[in-house]
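I've put the structures underneath this note.
Next come two complexes built around subunit A: one with subunit B, the other with subunit C.
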Partner chain A sequence: MTAKPIRNGCEQRVEAGWAVLDVFGEVDLSWSQDIRRRVLDALAAGPALAVVLERVSYIDSSGIAALVEGFQQARAKTQRFALVAPSDSVRAVLELARLDRVFPIYTDLAAALAD
Partner chain B sequence: MSGRPLLRLKIPAQAEALADMRQQLAAVLATLELADRERERIVLAVHEACSNIIRHAYRNCPAGSIQLDVSKLRGQLRIRLRDRAPPVDPSCIRPRDLGECRPGGLGINIIDDTMDRWRLRPLKHRAGNVLCMRRRLLKEKRK
Partner chain C sequence: MSAAEPVIEVRQLDAFYGRRRILHGVDFQVMPGEIRVIMGASGSGKSTLLRHLIGLQRPHAGSVRILGTDVAKAGPAEMLALRRRLGVSFQGGALITSMSVGENVALPLREHTRLDENTIRIMSRLKLEVVNLGGFQDLMPSQLSGGMVKRAALARAIVMDPKLLFFDEPSAGLDPVVSAELDELILKLRDALRMTIVVVTHELDSALKIADTITVLDQGRILETGSSVSVQASNNERIQDLFHRRPRPVDVDVDEYLRRLTQEEL
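Up next, the complex of A and B:
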């Protein structure tokens, strides 16, 4: 059996003063360090970061760790950090790790930017 | 491994091999009476176990391999992972307190929360470790 090719990636933009990372595909150990680097770089460059997770069909603990590290860094520097529209798969892992009560989670980007 | 074999797969101990493993495991689990969410949890738990082997047992040395065996016996799903990495001390492998918000260390919690039983055993006379995980298969949705 051959694996179906999965397109993984991350699009980055700035909206209303927020850095927005729009992640898609399956976030796992093979490239979660790339997400971590992008999260930390975005926080180094600006005051607020929203990570959009609507198109993430899978996330493992290494991907979650990248988000936790970003959240902690933002909190330490009183920056804004938001998770936006996590897919059901992402939400299930956040709940499993009890992080759904920790992260600021918004249903859409407009809600995060307006808060 | 006893029971009805469902999947036997040997993968390189490399993060890039995990997506293919997940697809093959999900395809096998789709033949069982499992709710979608339950199936996803099992795939995630096995993925986390393989990730831990790659990162902590093999210490990201890409030359290693992982043997995955999945079988069904008496209403139980049995999953066995065999590596050839240096022995791991099972007493060091424990779930962490989820009340602490810190990056890393969630993999064991995911395994512990998903499986009914699991046991890690270093092999005495040969290189490697064996992780055995068991999960009851119920028709109704659980957890």
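Up next, the complex of A and C:
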């Protein structure tokens, strides 16, 4: 039996004035710097960023670091920043470093945009 | 569907120091996501086995495969690639004394990756948070307590999110609270970061709390590998001695004893 190839990537769109970054697959050292770039670019271009993590099956600390850096920048410039619908495995990594108590986390995009 | 490949596969491993035989035909397998505890008295061969598992020693006889790499046959580039995927927390910490805690933890990232400096800083401080040393990055190793050294060493061992983590004597010399916290952390690391973890320990309580499986070594041989329940229930006298902290009877072979005392140096 052949395993289904795992696809990694990131879709970007704008919704109600927010940049929305929808990440999927396994986020690791091999491409987390790409996410970092997109997070920082989105914050340079607009006032608010939501990162959707529902389809992320694994995230390592370099991926988490990209989110931390983005959130820190957003706070420094009083921009909005939200993590949306983190999968169980993302949540486990966030909890490991108690970051679930640091990031604004929403169950869905509508909740983030409405807040 | 085929079963997962073992992360560690050791077959018929022998090891010698000089003429002294340390390991006798050891077979040892660890599956992905498993927490394996290696127990055994001092001198049982635990450290020697560990040195083979982390690639510090090549097998004389027998084979050692770690994350698919045959350690006996791997060239320098393959060994380097393998070492990047392993995390090792040494018993004494092995922190570099001239570097701050933060620099120690960041060292593997600086050596092995080309990540942005912001990312390196955040990743290494994150791992200090994970081991409850948040904010201690500017201290020097000499300013740390024994428990803090252990935790800083663990932070450095996991900074690259290794798939395979080795932890030598996590609780030795620690107070019971810190020791219990480290046990919790080992379980969380496996669950959150999907690590396979091999722990060498003397501490029975800790072994029973974290182990999926326990391997008991004695005089260079594997006495038993099984769940903590089955190993505890073992009828083997040596295992019972170890679990009940009973001193071992010492066999005296008169000829051998006299030879050791009187033989001239070779």
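The rule is simple: the second predicted complex is superposed on the first by the 111 of 115 C-alpha atoms of A that agree within 3 Å, B and C clash if a C-alpha of one lies under 4 Å from a C-alpha of the other, contacts with A are read in each partner's own complex, and residues count from 1 in each chain.
In this text, contacts are C-beta pairs under 8 Å (C-beta built on N, C-alpha and C of every residue); 3 or more make two chains touch, one makes a residue touch a chain.
Since the model is a prediction, treat every value here as computed from it, not as a measurement.
Trainee: If subunit A is used to align the two complexes, do subunit B and subunit C fit next to each other or clash?
Mentor: Once both complexes are aligned on subunit A, subunit B and subunit C clash.
Trainee: Touching A:19 in the superposition: subunit B (first), subunit C (second), both, neither?
Mentor: A:19 contacts neither subunit B nor subunit C.
Trainee: According to the stated criteria, A:64 is in contact with first (subunit B), second (subunit C), both, or neither; which is it?
Mentor: A:64 sits against subunit B and subunit C alike.
Trainee: Is A:92 in contact with subunit B, with subunit C, with both, or with neither (first, second, both, neither)?
Mentor: both
Trainee: According to the stated criteria, A:29 is in contact with first (subunit B), second (subunit C), both, or neither; which is it?
Mentor: both
Trainee: For A:56, is the partner it touches subunit B (first), subunit C (second), both, or none of the two (neither)?
Mentor: Touch partners of A:56: none, neither subunit B nor subunit C.
Trainee: Could you say whether A:105 touches subunit B, subunit C, both of them, or neither, answering first, second, both or neither?
Mentor: neither
Trainee: Once the two structures are superposed, pull the subunit A residues common to the subunit B and subunit C interfaces.
Mentor: Looking at subunit A, the two contact sets intersect at 1, 28-29, 58, 60-62, 64-66, 68-69, 89, 92-93, 96-99.
Trainee: Can you list the residues on subunit A that touch subunit B in the complex?
Mentor: Going by the criterion above, the answer is residues 1-4, 6, 26, 28-30, 58, 60-62, 64-66, 68-69, 71-72, 89, 92-93, 96-99, 102.
Trainee: Mind listing the subunit B positions that touch subunit A in their complex?
Mentor: By the definition above, subunit B touches subunit A via 15-16, 18-20, 22-24, 27, 37, 40-41, 44, 47-48, 51, 54-55, 98-99, 101-107, 109-110, 113.
Trainee: Where on subunit C does subunit A make contact in their complex?
Mentor: Checking each residue of subunit C against subunit A gives 1-2, 113, 115-116, 118-119, 122-123, 126-127, 129-130, 159-161, 188-189, 191-194.
Trainee: Across the complex, what residues on subunit A touch subunit C?
Mentor: 1, 28-29, 32-33, 36, 58, 60-62, 64-66, 68-69, 89, 92-93, 95-99
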